[in-house]
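Pasting in a structure now, in structure tokens, and then I'll have a few things to ask.
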Amino acid sequence: MSGSIFGNIFRITTWGESHGTAIGVVIDGCPAGLPLCESDIQQFLDRRRPGQSKFTTKRNETDQVEILSGIFEGKTTGTPISLLVRNQDQRSRDYGNIASLYRPGHADYTFTQKYGFRDYRGGGRTSGRETIGRVAAGAIASLILKELGIQVTAYTKAIGPFIIPEEDYHMEEIQENHLYMPNNALAANAAEYLTSIMSEKDSCGGIIECRAKGLPVGIGEPVFDKLDAELAKAIMSIGSVKAVEIGDGTKAAVSKGSTNNDSFIIRDGKVVKETNHAGGTLGGISDGSDLILRATVKPTSSIAREQRTVTKNNEEVELSIKGRHDPIIVPRAVVVVEAMTAVTLVDLIFRNMNSRLDFIKKFYMEDEDKDV
Amino acid sequence: MSGSIFGNIFRITTWGESHGTAIGVVIDGCPAGLPLCESDIQQFLDRRRPGQSKFTTKRNETDQVEILSGIFEGKTTGTPISLLVRNQDQRSRDYGNIASLYRPGHADYTFTQKYGFRDYRGGGRTSGRETIGRVAAGAIASLILKELGIQVTAYTKAIGPFIIPEEDYHMEEIQENHLYMPNNALAANAAEYLTSIMSEKDSCGGIIECRAKGLPVGIGEPVFDKLDAELAKAIMSIGSVKAVEIGDGTKAAVSKGSTNNDSFIIRDGKVVKETNHAGGTLGGISDGSDLILRATVKPTSSIAREQRTVTKNNEEVELSIKGRHDPIIVPRAVVVVEAMTAVTLVDLIFRNMNSRLDFIKKFYMEDEDKDV
Amino acid sequence: MSGSIFGNIFRITTWGESHGTAIGVVIDGCPAGLPLCESDIQQFLDRRRPGQSKFTTKRNETDQVEILSGIFEGKTTGTPISLLVRNQDQRSRDYGNIASLYRPGHADYTFTQKYGFRDYRGGGRTSGRETIGRVAAGAIASLILKELGIQVTAYTKAIGPFIIPEEDYHMEEIQENHLYMPNNALAANAAEYLTSIMSEKDSCGGIIECRAKGLPVGIGEPVFDKLDAELAKAIMSIGSVKAVEIGDGTKAAVSKGSTNNDSFIIRDGKVVKETNHAGGTLGGISDGSDLILRATVKPTSSIAREQRTVTKNNEEVELSIKGRHDPIIVPRAVVVVEAMTAVTLVDLIFRNMNSRLDFIKKFYMEDEDKDV
Amino acid sequence: MSGSIFGNIFRITTWGESHGTAIGVVIDGCPAGLPLCESDIQQFLDRRRPGQSKFTTKRNETDQVEILSGIFEGKTTGTPISLLVRNQDQRSRDYGNIASLYRPGHADYTFTQKYGFRDYRGGGRTSGRETIGRVAAGAIASLILKELGIQVTAYTKAIGPFIIPEEDYHMEEIQENHLYMPNNALAANAAEYLTSIMSEKDSCGGIIECRAKGLPVGIGEPVFDKLDAELAKAIMSIGSVKAVEIGDGTKAAVSKGSTNNDSFIIRDGKVVKETNHAGGTLGGISDGSDLILRATVKPTSSIAREQRTVTKNNEEVELSIKGRHDPIIVPRAVVVVEAMTAVTLVDLIFRNMNSRLDFIKKFYMEDEDKDV
């Protein structure tokens, strides 16, 4: 239980380091009968691949995924699906003083203290490449959700001070700019800002938002395993995320009950909420409105500027991190937030199937539907 | 796995409804040898008890805890500790139309959809009384932390627009005002504000902050079970919490790497961070600085004002919730945030003990230390 | 995770010591809508109660169960069900030298070594009374199974050398004799044998068998969580069980493939197995035949005869255990085996609901069936 | 949670089908600092490899293991260890009627019913090749145990009617015969018997025994997660195992308390048991004596003889399984039993570290020992 397994029924186990042989994930609990091929997964991986814009590292990786198990005649069999991505960029290199000091903002110090030493090559297990396994699993989760009529979409809401207000969202533009912002014009401004940040050898943070449409009412378990609680863990577990908000999020602190409460109304003969301050969850259970969550992502820790730090021999030194680094993590993390949301939803959707005795009886007692 | 069990090694199972016979918790995984009596737990429960100020419901409950198992000769035995609090206020009453309609902001609608019906008496399992089990378990977790030199403290950072800046904290004043704010003067202003909110038949939100001092470096598991990820789940699972932040939290979005990175320095011969924007965790592992987290709490959903809603027969109606309700959840939730933080830390502290082979060897191979 | 929680989706947490205040269990994951009252559970508890025959201790306990949560208007609500049985026989007594020495066959030595000390009153957590929580949970599991047309029945197959061959089973006689044997004549012989064992101040072992009829095909998860593997854990976790067999069990060692393989045939248009050497499971998944398992139970450890042992100060002594003790554990453990089987089956039945995408789609996409 | 993950703290996730691309395992929770290279694991895999004697299939597989992650500079890093074995024998072949009918004794029928279809190539996930992941993980677990002075040894106790009584064990002979029996003479007789079984186109069963020496007292968690309960699950989860016994096992049914109870005595100043009917566990906790367990393995299901079965179209047919099949599973399963025992022990040894507050305090409060 050292932290590389996520989920309860739909469970993913990720493994791999930045400069090891490969990175991968095993998905246990995927139902049988889902059509799945490598290109389904590759599409997701391509969204987090480096080298897509001038704001991402130029590491030369195609990140080709290989399915090693769990598929027969083009469909999932119900057994574990093992996915593998070989690391191509593992050539021996000079890691310089990285091995002997603790980079500010990174986990060098904490890993060394916890484990006694660390794999310092490219960050090892703490590298952003760790998210390859998450994204590959998220691709499969998204396919399951699609079969159930559920659509998860993440995008960049803010880059540094450039925040897109909800009324200016143009969802169709998300895939049209390298920053995955739902507003091309603001994306252009944000790109200029990033260029200036780069010239200052600095980095900046931002906000990723994620929405799920079509989620049935009733998803999420009361008390500890609430929909929002499980999502909070899933999203906060992504490296560099420092805050998770649901619906109005931090704004709820300065709101009033008369505003924050979403009235129930009847629309087209169905119960719906008139507004959605709650972000799609009441009492930790999906309420039929869009699920809305946001993740605040801190600035990239690796910056070219000189920084103060200490060595593992407790000497204070100045550090200047070489190489090209993304000035912002947000654009490449968008698909990671989407993936983790999808994985969490699938798990909770499966967990909900045992909530009512009458449904269970219907499931097992209607024999004619259970034929092969 | 329907959501009432929390933790991996130090595991708590809570149960009970607002107007059922009793509320309780079972703690499995508490080590043997901890001195424990009912008053240790009662102190924590008294902090969340109603009727302490004019801003809390006057429900007449003393919430006396009874230890049913797991203690022998004043010490924990290593077996499960079962704690029970009888509900005193369960008299049959007229729940009026509560049973037949969905209160805005509450889980009435989602519970009914998930389970087919619901225990509508006082909110049933979704009542704030559900947190009694959390707080009782948190009391035990806090005792364990104290034995390890770790101190967890939660307090009110903001009530509606009244936010205490960090430079104005007076920690010694937290227990001196009914709002548990580390600044008596601001607490007085906030109290006035709450009085006006009450006169408007409305409610408001706020922010709870929690700090842990003395946490060893190395706590938290990489990737999914990061210290901050587990805390995010723990805190977001508390009813009415809409955002969880670690360290600088949402401010990190508009920060830069050169500011946000905390430099490592040597102080008194030890590695420490010069600043603490990270909030005590790097790569999901405690870094030796204070752990800092914040929870945004939405305004109380039950307000006396008229609200629009629908009945379970899909009729639109006006609802006016009777009875006296807290205008704000924050003060009584402070101890709940502290409790959930403590429970999470104990679990992760226990999980960390297997991180290094040399420590495991030392633990098992030094026979003379293992004597009874 | 110190061992008092069982199951994955249908999860039970037991607690309590022999001479503590009470014994109990919390069931998390029971679906909503199951009619349940205290007498449903009491019936099961009465089957394990002491004082029913001359072969059981005369401890004066009525073991009345109280439901503390999870029921509303006579039905389960989907929230945790907390069950409590007060210990009546907790009067202060002289435990003599029990506290200071290690009884052979008991866990006195191992508990003391593991935890540093132990609750020696009546065996503490290792007492047979620990099974009250299991049986209470098993009562609820059995009700769920009954709703699904599944019947679990345990009975005594052997008392010492008195083994009932399968061809002599008279299932209707199980409840007609105090030993729960499906053959009254053999039960009478076994009773005589037990009387002689008692007169020798000795004890003896036996075998409990359990069958489940009506189990759907497909229950059990491949590889580690096989139907038989989960049952093996469940049954072996009952104190004093030393062997678990499925179907032909140990006889399979001396069988041949041509005999041991059960042929598939068509009967009434359905696939069935012609024989059932497998005991109802193939590849760890239920195959439609009766599930058959057996538990070997060791002789009662507490015997009146003198035995050699040592004190906690490492002195060798002679021990003579006072008081009246059951000469055999088997009859009272029959209902425990039945309960653990039922609990395990419910959990695996729930886990199976996510095995196929088409079933999940049917569950969620047929909206009209999901109405309240 | 569909069954391919085992363990709680030391957790293994296996994946892969007989004729898929590869077979593998991910080990999460291995402590940092264990020296590990591929040959350490290969030695274990070679013990289960086909083609070692005339009694095993001649499938041409070298089963070379590749370590993909979790190792740096020859030592484990504390992050997941991913192990991969490519399937070499995956050439397209004629599976004849295997795809369309249900082989007796195999999981063809149950898998098809559970999942709607199945990967019929060589048994898919139900193939004996599934155990490669178990054995690879067991190799690592065994290395950890060795560091703690614990030695696990499995061997063949019986082949059909050829049972070696304990007094005739010659442990040093285990590796000297292809049947892994601790008695070369009896192994020779058993080999003759197997030859005759093969000539009859039949198969036979047997018994594997496993012992662990050097286990500290105190391993195993009370109630559900007893040492013997976890082992029972681990061993019963191995395909073809039909019974699990601890210590005297099924013989305890016909024993008496005066015989079955193991007296405690003082030897060399230490508490030990004079006999070991219990098999090394009391109350589910290791007692310092050797841990002894036995697994009954059914005869190989694939036999050349004609058998009756049905097709997936519900037609009764005669089946004759072609190709060469092992006449007995036992010799190749010996290392699997050893591996699963080792994996289970490591997990419980890690879980035990939180049993006492004083040990936890010692672990965390002695700062000088925690340096890197």
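So that you can tell them apart, the chains are marked A, B, C and D in the order they are listed, and the count of residues begins at 1 in each.
Operating definition for what follows: a residue touches a chain if its C-beta (ideal position, glycine included) is under 8 Å from a C-beta of that chain, and two chains touch if they have at least 3 such contacts.
Bear in mind that the values here come from a model prediction, so they are computed numbers and not experimental data.
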*Based on the averaged CA atom positions, which chain is farthest from chain C?*
A
_Using the stated contact rule, I'd like to know whether A-C or A-D comes out ahead in C-beta pair count._
A-D
*Distance-wise, how many Å sit between the C-alpha centres of chain A and chain B, to the nearest whole number?*
26
_Distance from chain C to chain A - Cα centre to Cα centre, in angstrom_ = 44
_Please tell me the distance, in whole Å, between the geometric centres of chain A and chain D computed from their C-alpha atoms._
37
_Quick check on chain A: which residues sit in contact with 2+ other chains?_
1-5, 8-9, 14, 29, 32-33, 78-79, 113-116, 125, 222, 351, 354-356, 358
_Touch list for chain B against partner chain A, complex_ = 1-6, 8-9, 14, 102, 104-107, 109-111, 113-116, 125-126, 130, 158, 160-161, 197, 202-207, 217-218, 220-226, 228-237, 239, 241-250, 252-266, 269-271, 274, 278-279, 281-287, 296-303, 305, 307-310, 314-316, 351-352, 354-356, 358
*Can you name the residues of chain C that touch chain B in the complex?*
1-5, 8-9, 11, 13-17, 20-24, 26, 28-30, 32-33, 66-73, 75, 77-82, 84, 112-119, 121, 124-125, 312, 370, 372
*chain C touches which residues of chain A in the complex?*
8-10, 29, 31-34, 76, 78-79, 144, 147-149, 216, 222, 349-351, 353-365, 369-370
